[in-house]
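Below, subunit A partners subunit B and then partners subunit C, in two separate complexes.
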Partner chain A sequence: MTEATAKSAFNSVISAVTAVFTALIFGFVLLWVCGYDAVKAYTTMFNGAFGSANRFAETIVKTIPLTVMALGTAIAFKSKIWNIGGNGQFIVGGALSLYVALNFKLPALIMFPLSIFMAFAGGALWGGLAGYLKAKYNANEVITTLMLNYIASFLLAWLVRGPMMDPAGFGFPQTPLIDKSLQLSSLLAGTRLHSGFIIAVIIVILCWILSRSIFGFRMELIGESHEVAAYSGINVKKTTLMTMLISGGLAGLAGWNEVFGLHHRLLDDVAGNYGSMAIVIALLGGLHPLGIFVSGLLFSALLVGGGTMQRMSGIPLSLVDIIQGTVIIFVISRAALTLKSK
Partner chain B sequence: MFAGTIRMSVPILLPALGDIYTQRSGILNLGVEGVMLMGALAGFLGVAFTDNLFIGMVFSAFIGMISAGVMAFLSVTVKANQVIAGTAITILGAGLSSFLFRAIFGVQKLPPLVREFPVCKIPVLSDIPYIGTIFFEHNLFVYLAYILVPLTWLILERTTFGLNARAVGEHPHAADAKGINVSLTRYLCVLIGGAYAGLGGAFLSIGFMNTFLAQMVGGRGFIAIAVVVFSRWEPFRALAAALLFGVANALQVRLQAMGVPFPPQALQALPYIMTIVVLLSVSRRASFPSAYTIPFSREER
Partner chain C sequence: MAYAVEMSNICKSFNKGKVQALDGVNFTLGRAKIHGILGENGAGKTTLMNVLFGLYRADSGTICVNGKPVEIHRPKDARALGIGMVHQHFMLVRTMTVAENVVLGLPSSKAPFLDIKSATSKLLELSNVFGLKIDPGAKVWQLSVGEQQRAEIVSVLYRGVDILILDEPTAVLTPAETRDFFKMLGKMKAEGKSVVLITHKLEEIFDIADEATVLRNGKLACSTEVSNTSKQELTRMMVGKDVLFNLKKSSYEKNALDSNERLKVKNLSALNNKGLSALDNLNFSIEAGEILGVAGVDGNGQSELCEVLTGLRRIESGDISVNGTSCTGREPKAFIDLGVAHIPEDRHMTGMAMNMDVSRNLIIKDFDRKEYSFLGILKSGAIERNADRAIAEYEIKTSGAEARVRELSGGNQQKIILARELGKNPKVIIANQPTRGLDIGATEYVRQKLLEARDNGAAILLVSADLEEIMQLSDRIAVMYRGRMTGIVPGASTMEEIGLMMAGYDNTKPEACNA
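Then we have the complex of A and B:
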């Protein structure tokens, strides 16, 4: 690592830490102004996320899909391709892998890698569609990925009520469970922590390797300037499409992790608001795989701890949204200011 | 059903009309959803504390402007990325509105209600059989939204400000060279968008449900963004598009009740698919605001 990159890495860590602290202080002041016991709020939140093996396991369970999805978001953002379609890609990846797992009778040894492949393919298809439309027709990817999110969630709503609905589910909008042999094994007895965590860690490492590869460099360069990239002999359209395929594929893998590790089936609204959280996490992590892992852990802790806080002390969980929103505002303001002073 | 479609087009139409200003000036505000939630809360608080519906409306537009003002500050002054700034506004608006609501009213078994917005029957016109009930028996919000359609068109197409907004979105450097204040124009456009979106949110809280619910906007802010792209930044087409999204939704409920063997979700997804198709044709003909999502600075070319 050269001195310059070390310095910029250090700067982005400082900026992230300041943003989180400022947001937490903002939340503290808001709680205090509204007449809540702010100290108690933060301690219950902390204990709720880390207080027991079970609570900590819940935090990690949330970290898995959020981190993987944020890695996908970050890959696109690095190329300045604004893929906000994580939710849609998550759904299509999860649905396609589940479809294969439910409908083909294959030994687990073959089915397992096949389902991972199908999840990546599903997410890549949904993301790649936006990438193709951008490369071919110059269609703004923010709008297309946003629309594809809606289309995917209607698709999911139809699947869990129609062709993939559980016949023994008493009419609940959900699919049947996948076979026991395909469900990811538990990592810690008595908790919901599953071995998808190991796969998430592997994906973090793979993304780090990717970012150091020639292809990673190309993706970053088209983010800098299309002209410069084209001048250095990079096929901008092809790289744009590839970036969206990988970005979407990672979101699809996040869907796979959630379906095969946690729910073992598809549910209506399985993606929740993971998409917007992944954007926050990718950004706070400085679009760097390791940073994303840390910020993924942080936001999962906020989410899980915030849930406990709401149950125990009646302080609304929406405090977590406020902290998230303020974190981004501080991160982008600081990033823009440091750019200007350069 | 038709009167209902007209009524339920309002919380899409109002923010969409406002967002036409914003998008034409070259700013994609993905925070409309958050701005609407803040407006919904502000409208409710205004009525809850003063018992005056008019104050509720004004207050919602005002808070809408303040919320959008954060977006304007981030995207114009700080020159931050608009997609990220918009996401922040949506998350923050959702969090802050439901937090403040619970902080002020606490947890109650039944949601606190405010007085109902009276229905104004327009004399003579509302007596027309059939059509009268569809178009002329609504509350003030509905008429306001519909009056704003030609008004928005007039402002955007026939005033200097409207032309400036377009110039700033198409070609900020040329606009700057002609002496148009790019930053000011963009600020104004985002703020107007905020006022409309705030009113759109307030329609849901004080003009329709008489209360505030954290989930009440339910993605309409994003639908409004789709409507604006679908309508190719034109107010009359935005009206048609808002009705289309509304009809698709109303029809879906009908078809389901009738037991038609056709997935109702396909019908709901249709407007979104059509938005992508429209976007493709617009992008090819380059009738898209060219400076869309690009911050303006004099030093950069």
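Then we have the complex of A and C:
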């Protein structure tokens, strides 16, 4: 690792941490002004995120899908392709891998990699569709990925109530559980922390390698400008499509992780608002894999700890939301500032 | 009488003091004077004027306008003082028309609606009066670089200014356009307005300027009345030593076997960005070791020709072959792989990735080659070594290989493109305004490099607005007029002959045409 790359990794981490802490200070003042015991609230929040093995595990469990999805988002954003369809790609990836796991009787050793592949393929299909429309017809990806989100979530709602519904599930909108042998093993006994975390770390490393590769360079040049990319001999359409395939594929892997590691089945609305959080985390991490990993952790801590703070100290959830909103504002203004100062 | 502008002791550094762009510079602009600013690439000319125009804040120093001390924090303040600036790099919004750009931010008589109609007619009037042809209704992205330059100038004039700053405005104008443009500057001077003219062309200083300031390495080298100085003295001030110009050009021998056709074009036609015919049935070829100069008023198809010959623009009909291989309809990559180098006219939009660093810009065409990657992963060591070599060889002025090219001066950005394109023994070189924005020394160096490449067997297509450059380098000269080549003449033709051809008279004998 050269000096320059070490520096950029360091910078992305530092600025993520700074943004979060500035927002926390702001929230502290806000709580205090509103007459709450801010010190107690923050202690509760911290304990909620890290206070016990169980709380810590919960934080990590949130980190896993958010980080993986944010990595996918970042890859598209680096090429200035605004893929906001993480949710849809997450759902299709999760659903496809679950379908395979439920319907084919294969040894775990084969099923395991197959399901990972199917998750990636499902996400890539959903992302690639938008990529194809952009490359071929110059269709705006913000609109297409958003529309594909809706399609995917209605598709999911139908699947868990229709063809994939658990016959023994008392009518709950959910699928049956996957076989025990396919469920990701626990990393910490007595908690929900699963070995998907290791996979997430591997994906972080792979993304970091990708950013230093020939293909990463292509994607970055596309993000600089299509004119320059074409001038450099890059096939802009093909690279755009490839970028969306990978970006969607990563969101699909996030879905796999959530399904095989945490729920072991598909639920209605399994993706929640992960998509929009992944966007914030990607930007907070400066689109750098390491920065994203750290901001994924910080943001999850904020979510998990914030939930606890609200439950334990009677502080309205809207204040927690405000703190999260402040993080987002800091992220955005930092992006605007770096653009302006040039 | 007070000076129009008086800047004293201006200091400006970038990157937290790592780059001292201006170091205690004094500058005075007399009222109703034309003042030339000279200096090598990266000397600080643009930075000094950006300080005056409010784009940069000086670290220290004072500015007086018309004798009064002023604080200029942003371009709006400068405009309020009657200062207008035509930038070295274009500022127009590319998706809007010229007229829309002009009225941007100005009060409108039909508020809240824009008054495009009266702007258009006033623009046409200005363009007539000053002899700068523009099309107010055209979208900026559809314009050639020369047309954009004219649009930039006219849009600043439209606002009406007392002090006009021009940062290398003539770099892409033809001699005739430059003449008209200077006439206009003379008129402005007669009306009592003051003009700052940044240029690398010494003749222009002696043609039109009253006073001159020379910067060297961010410091004031000298400030003088033009009548009291000479070209030699100014050059010495710029460079710090005497410069000798002795471009060596070996004579060109036509290959007897005629088998060395490196670039051949047959019945080539293509459209421009507006969808109109830009190239009309062109036929020519260039042999190994030959430079074909293409003269002509900008906008007659030169840019489109360069794009077509590098795969960046689709052709309507015809045939292109490189080294005997047909490239018709192929992607840019195919041209690159066949050894076609391209120095594009618009370095910002096409030639480089402005937010990437110097070292990466030097390999944007080669990053997938074995030298720079192992198992698909880029080798940062090799990339940095390549950058260090190029920086040393081309004397690129930068704070380092990891500086973003956006931070480099215009001429140094051009050097990066040249280092990349000329660095690897190209078979064919498509050079569109290769010395645009370079200082005297660098211009000489690049011309020498082009001649070296030619002597090493490259076939070169040289497009330039600078007729002297064309005459000096070319073995044969073609003139483009409305998408056609008005005949190809030997390099030894006279300026007058070529001037006539540029206006559309085809006075070449048929046998001189190389079909």
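Operating definition for what follows: the second predicted complex is superposed on the first by the 320 of 342 C-alpha atoms of A that agree within 3 Å, B and C clash if a C-alpha of one lies under 4 Å from a C-alpha of the other, contacts with A are read in each partner's own complex, and residues count from 1 in each chain.
Definition applied: a residue touches a chain if its C-beta (ideal position, glycine included) is under 8 Å from a C-beta of that chain, and two chains touch if they have at least 3 such contacts.
Computed from a predicted structure; not experimentally measured.
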Exercise. Tell me which partner A:S225 touches in the superposition: subunit B (first), subunit C (second), both or neither.
Key: second
Check: Now for A:G314: first (subunit B), second (subunit C), both, or neither, which partner does it touch?
Finding: first
State whether A:F217 touches subunit B only (first), subunit C only (second), both chains, or neither. second
Open item on the list: Is A:N235 touching anything from subunit B or subunit C once the two structures are fitted on A? First, second, both or neither.
Closed with: second
Subunit A contact check, subunit B vs subunit C, more residues touched by chain B
Review point. Touching A:T144, do we find subunit B (first), subunit C (second), both, or neither?
Key: first
| request: May I ask you to decide whether A:L30 touches subunit B, subunit C, both, or neither, giving the answer as first, second, both or neither? | output: first
Contacts from subunit B onto subunit A in the complex sit at residues 28, 30, 70, 74, 78-81, 83-85, 87-96, 98-100, 102-103, 107, 214, 219, 222, 225-226, 229, 263, 265-266, 268-269, 272-273, 275-276, 279-280, 283-284, 288, 292-293
Within their complex, subunit A touches subunit C through residues 2, 4-5, 209, 212-217, 220-221, 224-225, 227-228, 230-235, 342
Subunit C residues touching subunit A in their complex are 310, 312, 331-333, 335-337, 342, 344, 349-357, 360, 364-365, 367-368, 373, 376-378, 380-381, 384, 402, 406
Note: in the complex, subunit A contacts subunit B through residues 30, 34-36, 82, 84, 133, 137-140, 142-144, 146-148, 150-151, 154-155, 157-158, 162, 276, 279-280, 283, 314, 316, 318-326, 328-329, 332-333, 335-337, 340
